[in-house]
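To keep things simple, chains are lettered A, B, C, D and E as they appear, and every chain counts its residues starting from 1.
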Amino acid sequence: AGQGQAQSPQKLTVYAQPSVNNDSLWMAMANNEYTKEGLDITYRLFPSGTTAFQSFNTGQGDIVLAGDLPSVQYFFRADGAYRVIAVIERDAKGYVGVARKDIKTPQDLIGKTVATRVGSTGSWFISEYLTKNGVDPSKVTVKNLDTQILPTALCQGDIAAFFIWQPVGSRTLEICPNDSHYLTDATGYIQGYLIAGARTELLNSAEGKDKVIRFLRATMKGRDVAEKDFAAVANYAKAKLDLSEKATREQWDTNIRPLALDKVFFEDFCSLSKWAMKDKVTSQPLDFSKFTWRDGLLAIDPKLAPEGPPPC
Amino acid sequence: MLQLSGVCKTYGPESGGYVALRDIDVAIADGEFFCLLGPSGCGKSTLLNIMAGFEPASVGSATFDNDPIVGAGRDRMMFFQDAGSALLPWLTVEENMRFALRVRRIPKTSWPDVIDKYLTAVDLAQHRDKFPSQLSGGMRQRLQIARALAVEPKVLLMDEPFAALDALTRRRMHATLLDIWQNTGKTIVFVTHDIGEALILADTIAVMSVGPESKIMQLFRLDLPRPRDLADSELRKTAANIEALLAPEIDRSEARIA
Amino acid sequence: MLQLSGVCKTYGPESGGYVALRDIDVAIADGEFFCLLGPSGCGKSTLLNIMAGFEPASVGSATFDNDPIVGAGRDRMMFFQDAGSALLPWLTVEENMRFALRVRRIPKTSWPDVIDKYLTAVDLAQHRDKFPSQLSGGMRQRLQIARALAVEPKVLLMDEPFAALDALTRRRMHATLLDIWQNTGKTIVFVTHDIGEALILADTIAVMSVGPESKIMQLFRLDLPRPRDLADSELRKTAANIEALLAPEIDRSEARIA
Amino acid sequence: MASTGIKTAPASIVSVYQMRMASIWRRHRSLGLTIMSLILGFAGWQLLSTFVFSPFLVPPPVRVIRTAIPMLLSGEILHDVLISLSRVFVGFITGSIAAILLGVILGRISTLHDLVDPIIELLRYLSPTAMIPIAVIWFGIGEMSKYFLIFWGTFFIMLVNTIAGVLRTPIARQRAAQCLGASQLEIFAYIVVPSAVPYIVTGMRVAMASAFMSIIPAEILAADSGIGYLLQNSSMLLQTDRIFVALLTISVLGFLCDRALRLIVDLTLTRFTLPA
Amino acid sequence: MASTGIKTAPASIVSVYQMRMASIWRRHRSLGLTIMSLILGFAGWQLLSTFVFSPFLVPPPVRVIRTAIPMLLSGEILHDVLISLSRVFVGFITGSIAAILLGVILGRISTLHDLVDPIIELLRYLSPTAMIPIAVIWFGIGEMSKYFLIFWGTFFIMLVNTIAGVLRTPIARQRAAQCLGASQLEIFAYIVVPSAVPYIVTGMRVAMASAFMSIIPAEILAADSGIGYLLQNSSMLLQTDRIFVALLTISVLGFLCDRALRLIVDLTLTRFTLPA
């Protein structure tokens, strides 16, 4: 770390979304970890991973944080120009199925309409939830709804249930506690991810590789703070996003911050890839040797990035 | 009975505006042919607009059959000085006539006859499929005359209706107008700047002074039978009187280039 | 020299349209005062538009000083029959004058004098701050006259410029126009439907027949000195000739209501 | 040099010949220029995307069309187009009619105008996207709320234009109609609306574009077909080629609808739109 | 009954008195009606959100204002407003000027118009949202691309209106100017543009709304401040109260800008917008 301080700080642009699962980065920034690593971070927010990738695609930005499915899709689209450097966060509790009060079991959904953002991780969640509970997915109508309007649609009875990430679920229970309840969370079905990826071009240069390693190292230090110090995270969320402590808490509680490319990741992404191919969201198997870039994590600690499975 | 008493008209702010008319008193009896004569810009159109109810008098009162005039009414038909502006540019000559008859609630069966009659009277029968933009200036005036006559209003307010017509056509129009007036007993208020025209047509000629603050300088009553001949000695005397009245007025305001 | 030869003008489709003019041949010498006289709707404005270059002739050729007329030009200034349409409604009387002088590239130092001179000539000097919409019909015509005169074009094409003026004002305008014409030697093509006006002003009077397919029926040359008096015996004879020429024309197309 | 034969012909023949040529040129010119314009446009796009941008960022037209062909053949695009068009039509037409009616009334009754105008002035800055939640609350997630969003994208543009047109109705026309005895309703129908037609037509052309843009928020809303859905979905899946197919489809649809509108206006309303 | 004193007064005094009252009423009426209108609007909103919708779905104005107050006091809103306004202004003004210039040229040169029109007709159906990727490619993710998107939301509306206005310039005015010796440029500047002002002003009012709507897509683009960002962000986090604060801010800004535009037009352009 010492050598970085001697030189003028190196610029690194990170694209992200305003969400509590970024708390590792927040804490790294709040505690000047990046500066200590000799990095001058530009942290830019986009409303979704998709919009972040749109801009990333034009050759701007160095590192982009996004959800699982957008990363996979962008990987195929970018034709090798993008690689995953680490899992920042994952959790199963961050995804929920909320239903009207009369829906008590998965079987109750038969013949009903459920909603999600079609093509998002929510779709995957529905598919896993139904199949694993022995419900034929073709007997349930899946509607495509924007996340914003899911609470309204459920409370008004336009749909029987929806499957999506938080805080949509808790918000719905706030709006119509008499009509809605949690049907399930994603535990045992899927996990939602926040993935950090970088431009391959950057990773191929020695200088870029070095920057990414320093980025990972600083983020890990931030992670250590984020995991322990809820008050610091809540303060940050309040100051930068005007999030209430309660809202921050809900998500903070469920965050798992691996900062690794571990077995669970490989398993989850395998099953994600299989679902995506089945649903024609993607057309080829996922080749982890191309999808991931392990050198960065390996340089910090070999245990963080084991060998991936064959394409699946 | 069309009556104005103590009418003033100021354009612009209450004080400091342009005082077009000052203390106008006129009473026009039913069935009277009343001519307004005066130099350009003296306020003839303004006066007619007040009678029509388009503009309120700034001071004073305007009544028709003892009811105050508060807006345009179907009993007082205006012929506009700017003929084109009052026609509907998206309707042909014939359709403009039909529009008038429709909103006037004239039974549909009589439309073809009425239209033929009045278009023939103004010599536009062969041009019935043209749009106003395809008419000459004089033809537009004639179309407006035909429309004004066809709806047979109680009072006709005519603002220089024949100004764009040639002498011979105008002579026929005079005859047509007098025919209709004599047969139906309408009240006609007729603005003109042509002394001869006023003498041939009017029961009463009101001569206005140059603006601002125009007044009615003098009323001339003419009881001669019609058709009249301008060579008639009484008419020539009246003409001379009117010219004598107007000449100093105009001198008052005009100057000739050296 | 303004020359039309074999000019026809058809409105609408090549065949089956309305033939307004047929085989018009005229040659107007430099400095000539040329009057076009004809019944309403015969095609006077159309002819003037062709001379101005606003409308192409359907057949035949129009030349000015031997160059074909292909569009409007600064040497031929048009006075429009519909006076309001040619003024800029967002400029005051004085600004309308200034606009003309600016685009005419007249040196700025002389503007005040020129504007005063011509506005006084048409008696609008006291109304210089009004907008066209605040002018009376006659005042709008006078403003257009002032503007047309102020830019001193080679040729003046005037379409019934005095139609909305009262007799006395009109008389002064005649004098003003003749003064300017005599002092500067402009060519003037003057449309009127008033025989008297034509006789007082013109070197040559072209009498047109009723449309469709109007022709120039006859040219009358007048060599009398000016100012002229309508009581003059030669003028009275010419007037009678012109009326005799026109009367059957108008009979041909008009019918009077029984 | 070859034209000496014509040069010696009498003036009137030359003129007739020239007129015929001119009228042929005029009749075909417009179509010719349109085609030339489109060719130039596509050529420009092809060049830009090949040499200035990367073809991955902006796929060249050839590739977009190659992507579009199977979608066209399978009927996928046609299906989406028909669904979206029907939504646009319902929303656009109801929006236009409502705005014209209200606009005529507000343009004529100034007290009512002053009373309603501030509310309109506040509402019209809300985009259809911002209205999505309200649409769902009011109309649920069915077709009605999609119509409503397109209505919303049309209504205010038409309203502003209609009021502007109504306020510029020449006063003499109205006065003449009043003298003739026209009722207030007749003045609306026969004088005010026709006088406002040029503004209304301009408003319709602008509002048409807005209506087509509103397909996208409308079809965010619980759609599983339609061009807006295709666009949304392809964007989410980062399928650039399909995104461009959707955009091109919207453009072409808009283009055709505008031409159709102009044709209808030319056929039925020319008399109202001629310059004075 | 109390007015007998006035009734017996001479006619001219009554009239002067009435005129004075009328003019006072006229002067204050508009403001009074505006305030009444706003009160009615807010009351209606309060009632609707309390009794018809759930206050969680549509927060009542009282709650929205309660949410807004700390944001106002902390300067957060002011900061966002200033940033968004500066973006809107740059985009709107450059878009308007470019469209007026191009519109005047296209309105006058019909061959050029026919050549360019189809391309414009295809492009103008692309919403600012659809143009985001292109904006990023051309202008990166800085301020320029935000200006560009607002420019895009303004340009075509102004263009359609300007061309419509230019095409309706009365021909006699142009001919008169030609006779006077005006150059083509002078005719553009002194005749065509002023004649098109009523259409241009109407276009500006419509385009202003479009410009404000375009803030949202513009500030999707890597913004960390601005009203569009506030809205985006609150929507993602489902903070309904803050969403409504953002929407209300956009509405109020739009309202104020429209009033300002009208005032400027009244002060400087009245002479061009008077009905004929």
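Going forward, contacts are C-beta pairs under 8 Å (C-beta built on N, C-alpha and C of every residue); 3 or more make two chains touch, one makes a residue touch a chain.
Owing to the predicted nature of the structure, the values given are computational and were not obtained by experimental measurement.
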Superposition rotation for subunit D onto subunit E, Cα-based, multiple of 5°: 180
Pair of chains with maximal C-beta contact number: D-E
Distance from subunit E to subunit D - Cα centre to Cα centre, in angstrom: 20
Euclidean distance of C-alpha centroids - subunit A vs subunit C, Å: 83
Centre-to-centre distance between subunit E and subunit A (centres being mean Cα positions), rounded to whole Å: 40
Set of subunit C residues in contact with two or more other chains: 82, 85
Set of subunit E residues in contact with two or more other chains: 57, 133, 137, 170, 276
Where subunit A touches two or more other chains, by residue: 54, 57-58, 148, 152
Parts of subunit D lying in touch with subunit B, wherever the complex brings them together: 170, 172-173, 175-183, 186, 190-191, 194, 271-272, 274, 276
Residues of subunit C that touch subunit B when the two form their complex: 11, 18, 37-41, 43-45, 81-82, 84, 117, 120-121, 123, 126-127, 130, 134-139, 142, 160, 163-169, 172, 175-176, 179-180, 193-195, 243, 246-247, 250, 253-257
Residues of subunit D defined as touching subunit A within the complex: 56-57, 132-133, 136-137, 140-141, 220-224, 229, 233, 235-240
Residue ranges of subunit D in contact with subunit E within the complex: 29-30, 33-34, 36-38, 40-41, 53, 57-58, 111, 114-119, 121-127, 129-130, 133-134, 137, 156-157, 160-161, 164, 167-171, 198-199, 201-203, 205-206, 209-210, 212-213, 216, 231, 243, 247, 250-255, 258-259, 275-276
Subunit C residues touching subunit E - in the complex, by the definition given at the top: 52, 54, 71-74, 76-78, 80, 82, 85-91, 99-100, 103-105, 131, 133, 147, 151, 153
